[in-house]
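Next up, some structures in structure tokens.
Look at the two complexes coming up: chain A is in both, with chain B in one and chain C in the other.
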Partner chain A sequence: MPKTDLFQDAPPPPSSGAGPTPGAATSPGGTTSGRRPGAPHRSSRQDSVKGTVAKIVLLGLVDALAVYVLMMLFLSQSWGALAVSSAVVLAINWIYLRKGGLPAKYLAPGVLFLLVFQVFVVLFSGYIAFTNYGDGHNSTKDDAISAIQLTAQKRVPDSPAYKAAVLTKGNDFYLLFTDPDGKASIGSTGAPLKEVPDAGTDSTGKANSVDGYRTLNFQEIVANQQSILAITVPVSDDPADGTLRTADGSSAYEFKPALTYDAAADTFTNTDTGAVYRDNGKGAFADGNGQTLTTGWKIDVGMDNFARAFTDPSLRGPLLGVILWTFTFAVASVALTFALGLFLAITFNREDLRGKKVYRILMILPYAFPAFLSGLVWSGILNPQFGWLNQTLLGGATIGWLTDPVLAKISVLVVNLWLGFPYMFLVCTGALQSLPTELDEAARMDGAGPWRVFRSIKLPLLLVSIAPLLISSFAFNFNNFNVIFMLTGGGPRFADTDRDIGATDILITLVYKVAFGQGTGRDYGLASALAIIIFIIVATVSAISFKQTKALEDVNS
Partner chain B sequence: MNGSTARTGTTAAPAAGSPATGPATAGTVTAAGTDVHQLKQLRRRTFGAWFKDKGWRHLVGIAVTVFAIFPLLYVLSAAFNSTGTLVGSNALFSKLDFGNFTALFNDPSRPFGRWFVNTMVVGVVTSAATVFLGAMAAYAFSRMRFKGRRIGLLSLLLLQMFPQLLAVVAIFLLLSGISEVIPALGLGSQLGLIMVYLGGALGVNTYLMYGFFNTVPQSLDEAAKIDGASHVQIFFGIILRLVTPILAVVGLLAFIGISSEFVIASVVLTDPDSQTLAVGLYSFVAQQRSENWGVFAAGAVLAAVPVMALFLFLQRYIVSGLTQGSVKG
Partner chain C sequence: MKGTPMKVQNTLTSGTSRRVFTAGALSVVAALALSACGGASATAPATATAKPDLKSAGAGTITMWVDAERSPALKDITAKFQADTGIEVKLVVKDFAAVRDDFITQVPTGKGPDLIVGPHDWVGKFVQNGVIAPIELGDKSSAFQDSSIKAMTFNGSVYGVPYAIENIALLRNTDIVAESAATLDEVVANGKKAVADGKAKFPFLVGMDPKQGDPYHLYPLQASMGSQVFGQAADGGYDPKQLLIGDAAGVEFAKKLVAWGDAGEKIINSNITGDIAKEKFLAGESPYFLTGPWNVPDVQKKGIKFAVDALPTAGDKPAQPFIGVNGFFISAKSANALATNEFVTNYLTSEAAQDSMYKAGGRPPALKASFDKAASDPVVEAFGKIGATGVPMPAIPEMSAVWADWGATELALIKGQGDPAAEWAKMAASIKAKIAG
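Up next, the complex of A and B:
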């Protein structure tokens, strides 16, 4: 059967050999099977052996991979992930090894990815929204304590000078120290000091070589100055013991944390000023004046992120503006593209119009053009200083198509109209052509004019089939990241906030900027809270509108 | 495009039992919009009448066509104009040479060739896997009756309302967790990105394919089953061959979607050598939009050509696929 048949004709005719009912199919007419498309030629026995082999090989590969993953999880001591992964592996094996349960065999791979990368990540977002996860708060409290001790280092007064040599192994640099007593030890960043009794020494008693490492000469030290100066060798596994560092590649000094941690009291004390920093309950250490240490840790903050979004003065105003604009943008985009698409569909719904095909091909080109490029190309055309629109068409005008808050919004809508109308045009043409013409004729017999026929008969019928698409289109535009981000980047920025929020920002671009933006620190907690707000809005709107369309369908049928 | 295709999805299943309804549905659309043909012979064709009947349609057509293709002509002109800046690109087609294209491929800090290959690899692997996973799920939903089938279909319909990019923060953190255990699947890896994309493989695709799978008569499977074919043979040997057009549509739509995807790709792929066109071209033009314009335009043309060619080549199928979705509701 030619491939195009399904698109060309109404339902494919039943194949001659296959009876329309199971009763007919059981008659001994199986001899026609050779003519059926894709009918099996081999005996089922052979195939079941082949099938079993294929199954075993595939499952074996999956299990081999799974064992590797489980081992890595075991080594990294991620017990929770290990338990979940083991359960998944067992479930997969159970699904494919047992007899029966056929649907699960076909659904499992897709559903597995769906559960991990669509369902789980949504739940995970929900969890992150209730934490202070972000820059400065991205690990456990223990990690934060070691990090504070490692970063706030200063030289121990009157500490002895160590002789140092720079060694290399692979791509890493190591420092070889000789202490005042002549004992040699080696270490690097993240590799605490280790004594090496068999190190080779030079005439002054300075250790300068170790088996398995290569010693750097002076030129090499100069060439790699940056990375060598950055080496901080912990004296022991306990960060409170301090570190060794070199300033010139030939001598080294002992450094100790400027902040000492008191485990019993859970406080940091600044050795210079004596200031005491306590756990402030918000995932950071703070002194009496509320001054916090920059490195904090992740804690659950309850509804704080949501509360902050609607009470923080630098966020509240802009956020309300963004939500309002997100709705305006999505509704206006759907309305404009649908209006133009429908108008064009009606205009060209004439069998005898010359050049119809050419128009259609040219008009759907914007739909074929990659979406992310469209925004960038239009941003060039509309560029206020150098763009084609101002420079060539308007003869050197300086209209801020992308820099004036109102004009930028209009520009975004026009560009999105450009991107979206071909789709609506195609969809409306299809729907229009599938309307029964008898209705049209009957209405005209009864004396209805063309506008009346359209308004009272065609449009309602059209809406029944198009409405679900309009809702999906709304949901899509509600999160239409590409066109906004590529065209204006959300700008022009609001004047009443120091955050990177602008007049054309929609919620999803705001989420992206809060989570991954340049300049301001990353705030995963707040970004996830905003994403959850989008979820709730989209879910509510879809639920309401799908109910409405059901009603629409009931009314019409 | 043929209007009757749109109805295939809804009418096919019953029609399989009674073939007579097929031609009937196909026949209803041919007369659309031709109600004026009698008038045409009676009336003398003045220009005014022609304009009222058809002329304005051409006017609309020309206006909208200009709106539609102007930006494309503009970027094409800029690509072949080696002046290079945004201002210099304003005089359309004033200069034609390949300077921008050679500049595009000769800058190691901007590995355009790598981006192109990366996009193709990620796009092709993901869309192939998407088609396969989606077809398997659609086969199960269309041909088997099991507990939770209705709920499953409904949940897929609901889940596609929530695009993956909403959870981009969680995806980023999940992948950064994965990269601590298995770096090959974590942040910075294209394999990790493909896995994330496959999370969206079901959803709208399955629904679209499900409608099409239903148009293949059940009696075909049953006959094959009686001949001793296994479910795997029926799936690969019969169903997949009969629904090849929809597989092409889904694969192509997936490819187009993924080659334009920016948010997740920009977060996952940090190393310039592993990035896709969307991420690479954006970061290239975002910093110095007006100076790099010509080279960007050349890159944009090269990036768009394969997608657009594929789209126009398979245009008929895509249009049917879209309308199919529309009328099915």
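Up next, the complex of A and C:
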């Protein structure tokens, strides 16, 4: 009976994620008790003074931060972000300064964080799913064009290395070159190289001054670097001979572009072969043979990524197997962990058991380990030749726990059981202790055996509070990246696909492999599309399950 | 008695709260649609207009992304640069595992650094994404080891200033086997004799990733049999159109893998991970360990007497290792490009800077003058000598299509699964299909 009292007011044991506490803690203002109509007058005033102080301090801090952020946004001229941020700040102040509207005071921080950390992220990856964003399609077309132009500048073979100085006359900048023979010449953009025999030189023989021009020092060069980097001095009157440029203001080299860009036609032309590269509509410049230039840009591709997920032969083949295994893995993980957790919870819930606390702490230990660490440790334990399991427990057997497709699946499930049962144990212990003992007694009086009591009374009552947690546990295991990736990396590999996909890959590890360079590079677009497909699957399953749970509640109430 | 009303209440409250939640969720979705659209459309043009501001404000500093280990080594040279020019080089310590991808995503937004430190095999990906600019070293390039400049060259342009070269070698426990050997057969014979004499448990050690094998460590053996990954283009770089890995020499190597593997002589053991291999060598249980300089400090600490041997050959060609070259790269969108170029080409190429990078990292320097000094350490000298025979690890983006298939196939063959000729041909076809896209 005392135990029941202890637990009865507590909500079901905390699941992962945000509980009500952060919202309550960050929301200043009066507590509920202070506003209760029947509460004594004095305590109400005390509370509201404290509350007001807390409100002023917290709101002040928030506003101070907000003002700083707004100033930074103003300085960087991000008008859209500025408008949104101002609106948010005003809304926050309005919510907490007005009287009443208590629910909003509790909900506002949570909603804000939900928007920033969940909804925006979800929408953004939704948007990415409709683009070809990934390696080679990283930025805008303008960026791609300037990058291609930048990398197309090749130093003219066997051309001399010049020393350079930067001079100025009027508002124009000039480069003064000294070739390896000590000959000085000057030029600028559109002003081809011209020899200046009377240039002044420094101690190393480098020309550094010409009458009528002023020589810039390094600080001045840096201050005007954009103009100076843009200077291209034609070597002769024929622009095809190449141009001189400086990258550091003190040395210069002759460059010729391997590709020239024609802005009017939007084409690149190879100066050697004459091949013309056009925008191929897929976010790259391509010649007639389909040969593309290295750097491309991001474009919208519509439903292409979704179509690829189902039609790409190297994905389609294994995709069905992976989906089936993902369901098997998620369902089996939940079922096994729940079964073991519940069994242990009932066992350790006996009133007359000694050292219960010690046992319970031991039970919870696997839960306290980071999952990726456990994955690595287990992968060592399960090593066929040197693993502790084979070598010590099985007397030197060489069983390929992680290398045989079937055994690998079993191993993954067992390791996940080890990792997952403490959570179920915790949850079930809490729920069991909140069950009224009268029901148990009454059933026994009616002559029910322990199994019958469990089956007909405890389990249905337990499921009312536990079922939503089972659903969330399913969603978690459906995307249980750590265990799979750290233990088997998805392997052993399927023989019938050229993608790196294996027998224990679940959808989320497949997405990771697609996104992060198992093919010729990262493909964020395809990965986002797959992530959306996963979301739809998990959301559907969860929605159906919640419907079922509701039926469960109705039966019991 | 208490329980039943409680339950009813629970269902009631949860019912209402769910309705409230639904309403809240709806309003949230509406609000988010507004804010997200506003935010997204606003940020893109905003960064573009903000650029001139950055230029005038940012000219006084150069931002450099570097990992925690290398950051202290750059303190002196950045201080010198600041004293000479008044420009501060801000060293931003980043997590090495994520820095490459962060750089690729940040540079286009204009918020990336001016400079980044990393290995040369990032160059292909960087150029593909248009995030780094070529660097013209002029006459200074002859002061560096040829192989390091070659590694930094992509499509005929140099993209980075190298500072360290890294490659594998064969470590030999001199207490177990006194003499060095040239071929793998001799090495294996020595190893087996040591095992037979009871001086060791494993004739030869090389770490295998249980998921991906280790083509990097096995490459010298493969190269010594005349098998390469990519052919070379006219400009000396790797040519993705010439995929040579599936040729006859490659198939021969595949057959050898089966012969060396679990089903054959057990020279290469698929169950020995890098950690296990190191542990066994440190325990003195094997005369040979095929590994890189990163494991040498622990071997020295353990007090094992060892020699750094040339890589053993399995065929009649030289056993060329892949070399990895670390260096500095300049962002294509640096707002302070001139000062950054000045710092990179005239300060980071200096002997002092390269010496200090060697002191921090212990890897053979890429600058010849610094290497000559560092070579007073026989281990550095031996690794450097082997590195001079090596080939740069391919940096072309197509290389990332190679690793997964290559490793998985080698691992399967080492385990004795499948016919070597068929598996190897399948691997080559699969890589070819991926490169074709």
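The rule is short, and it goes like this: the second predicted complex is superposed on the first by the 336 of 557 C-alpha atoms of A that agree within 3 Å, B and C clash if a C-alpha of one lies under 4 Å from a C-alpha of the other, contacts with A are read in each partner's own complex, and residues count from 1 in each chain.
Note that in this section contacts are C-beta pairs under 8 Å (C-beta built on N, C-alpha and C of every residue); 3 or more make two chains touch, one makes a residue touch a chain.
Just so you know, these numbers come straight off a predicted model, no measurement behind them.
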Partner chain in contact with A:S227 - chain B first, chain C second, else both or neither: neither
Partner chain(s) touched by A:F481 [first = chain B, second = chain C, both, neither]: first
Which superposed partner A:L114 touches (first chain B, second chain C, both, neither): both
Which superposed partner A:I364 touches (first chain B, second chain C, both, neither): first
Chain B versus chain C as contact partner of A:V464, first or second or both or neither: both
In the superposition, chain B vs chain C on chain A residues touched: B
Contacts of A:S78 with chain B and chain C, given as first, second, both or neither: both
Which of chain B and chain C A:T347 touches, first, second, both or neither: first
Contacts of A:L102 with chain B and chain C, given as first, second, both or neither: first
Contacts of A:S236 with chain B and chain C, given as first, second, both or neither: neither
Doubly contacted residues of chain A, that is, touched by chain B and again by chain C: 4, 8, 76, 78, 81, 103, 107, 111, 114, 119-120, 124, 379-380, 383, 385-386, 435-436, 438, 464, 489, 553
Contact set on chain A toward chain C in their complex: 4, 8, 75-81, 83-84, 88, 103, 107, 111, 114-115, 119-120, 123-124, 127, 135-136, 138-140, 143-144, 146-148, 150-151, 153-155, 161, 218-219, 221-223, 225-226, 228-229, 247-251, 253, 258, 294-295, 314, 379-380, 383-386, 398, 402-403, 435-436, 438-439, 464, 488-491, 493, 498, 500, 517-522, 553-554, 556-557
Contact set on chain C toward chain A in their complex: 1-3, 6-8, 11, 14, 20, 24, 28-29, 31-33, 35-36, 38-43, 46-47, 49-50, 53, 55, 59, 85-87, 101, 104-105, 107-108, 125, 127-131, 133-136, 138-139, 155-157, 210-212, 269, 271-273, 275-276, 332-333, 336-339, 341-342, 345-346, 397-398, 400-401, 404-405, 408, 412, 415, 429-430, 433-435, 437
